[in-house]
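Labels for the chains are A, B, C and D, by order of writing; each one numbers its residues from 1.
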Amino acid sequence: MDEKNPNFKIAVQQGFAQAAFPRELGIAFVDCGPGWCESSLQLEPRHLQQDRFVHAGVQATLADHTAGAAAATVLPAAGTVLTVEFKINLLRPAQGESLTCRAQVLKAGRNLTVVESEVYAHSQNERALVSKATVTIANVLY
Amino acid sequence: MDEKNPNFKIAVQQGFAQAAFPRELGIAFVDCGPGWCESSLQLEPRHLQQDRFVHAGVQATLADHTAGAAAATVLPAAGTVLTVEFKINLLRPAQGESLTCRAQVLKAGRNLTVVESEVYAHSQNERALVSKATVTIANVLY
Amino acid sequence: MDEKNPNFKIAVQQGFAQAAFPRELGIAFVDCGPGWCESSLQLEPRHLQQDRFVHAGVQATLADHTAGAAAATVLPAAGTVLTVEFKINLLRPAQGESLTCRAQVLKAGRNLTVVESEVYAHSQNERALVSKATVTIANVLY
Amino acid sequence: MDEKNPNFKIAVQQGFAQAAFPRELGIAFVDCGPGWCESSLQLEPRHLQQDRFVHAGVQATLADHTAGAAAATVLPAAGTVLTVEFKINLLRPAQGESLTCRAQVLKAGRNLTVVESEVYAHSQNERALVSKATVTIANVLY
């Protein structure tokens, strides 16, 4: 997976720092490379549902935002990314101290990039895959 | 679409009042009946992306939570609902003063309920369909 | 929903007549207009699963192909359509004498069109919605 | 991934041999183990679209049927499987001499199993990932 933009890492970091909603949630950039991005979220009571599990909306936001960042690392030219659609399967009730997300580009095209995001819940010494998303992203080139 | 639980409206209202994450976002219950639920969200700067549009995660949270509420109105017996998976298409950039969501049950089964959620953005005198989700929900019966 | 191509109906009919796989299955064009298309399929034993129900692959083919035809009716310029992705929910076991499909454009854009396809099973005097798909289609303009 | 049924391989092979539609298409069982199944399809002109590429419906049928077989290898008790919904991304135009599919269980639950199917096109000395599906499958236990 070749990056086209030598400064993609700065652009991705800015995407996390400047996006109001992921910042409001507490989503943090971890690292990225050509075709992938990782992020994390320290869990707080405000992230939960009526039961004690993490709300699907939190997992979806983490999966979608990190997928957009992964797509941004392989943009074919100067531009930005826009989510067209995504599907997420909630595999297990999510609980623990934190979530992490790994987004990996499955196919990078000129107009569309398809990314897979895996969301893990971490508690004590355990790590569990709690959801997986497939995200279709449009490249908006300047 | 027949409700099985005469008190479903109270249960749905509690679902909105007690779920930490939708409450944190500002999602409000509007109304519900057998097989449907409506909700709304006054938009604030914290709901946006790096551009001025509403983050996909906000729309997904609204679509998913309202779908769960719609499914709860047709639970075949005492129990609760759990999202199995959903897909959302972001149809237009979402902006305006508020979002509303209408979730409608497409198929109510004993174990699974399929719901469609439409998210609208409202600004001045305009209303635009900005996203549509299909949500598969498991009935967890006590 | 405005058509851009005055000859779209001929193009859609050719799409059904010339596509080998839908023709092999027996899928027939019924009618179309700006933003929608309808098709049908007389069911035969070869369309079934190991049980007596219609295979999900048959329903998916019908839903996808008819969605592409609906998207072709609103192509913004001379070109063709290509399915990017679709999701289908199988709502009920499908059986009967025939299937019909109604595909309706939800959002027609310059590059992408989103279409919803409903598949119905017909038997004697009954009609049942057996599956529903959301299809994202790329416009490939010449 | 533990199998619960010591005879799962025979059941899976029967699923391919007895299902009319996959047999009609020419889909062949290759191999399976606990949590996975592989299948193949020799391509013929009847599998194509109006252009020279493999129809999305063929790929969807292959992905769905092989996913069901993978889910059958981890059924928690005697029973059968039923597709609830699936999403497929068509990543590249598919052409060549044959398709193969590898389906891998992502999460095996008591009631639901989530499977990922990758479809590859083979031509000469090349192999390309042409589509990927996520399939939610219900376990119907006797």
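As a working rule, a contact is a pair of C-beta atoms (placed from the backbone, for glycine too) under 8 Å apart; a residue touches a chain by one contact, two chains touch by 3 or more.
Keep in mind it's a predicted model, so treat the numbers as computed, not measured.
A.B. asks: I'd like the angle of the rotation relating subunit C and subunit D after CA superposition, in degrees, nearest 5.
C.D. replies: Resulting rotation angle: about 180 degrees.
A.B. asks: Which one of the chains is farthest from subunit D, going by Cα centres?
C.D. replies: For subunit D, the chain whose C-alpha mean is farthest off is B.
A.B. asks: Examine where the copies subunit A and subunit B touch and state whether the two sides share over half of their residue numbers (same) or under half (different).
C.D. replies: Same residues, largely: of all residue numbers at this interface, over half are found in both copies.
A.B. asks: Provide the C-alpha centroid distance between subunit A and subunit B, rounded to the nearest whole angstrom.
C.D. replies: For subunit A versus subunit B, the centre distance works out to 22 Å.
A.B. asks: When the C-alpha atoms of subunit B and subunit C are each averaged to a single point, how far apart are the two points in Å?
C.D. replies: 28
A.B. asks: Using mean CA coordinates as chain centres, what's the gap between subunit A and subunit C in Å?
C.D. replies: Going by mean C-alpha positions, subunit A sits 33 Å from subunit C.
A.B. asks: If a residue has to touch 2 or more other chains to count, which residues of subunit D qualify?
C.D. replies: Within subunit D, the residues that touch at least two other chains are 84-85, 87, 89, 114, 134, 136.
A.B. asks: Would you mind writing out the residues of subunit B in touch with subunit A in their complex?
C.D. replies: 14-15, 18-22, 24-25, 45-51, 55-58, 60-62, 64-65, 80, 82-90, 93
A.B. asks: Considering only the defined contacts, which subunit D positions touch subunit A in the complex?
C.D. replies: 87, 89, 91-92, 106-107, 114, 129, 132, 134, 136
A.B. asks: Flag every residue of subunit D that touches subunit B in the complex, lowest number first.
C.D. replies: Residues of subunit D touching subunit B: 84-85, 87, 111-112, 114, 134, 136, 138.
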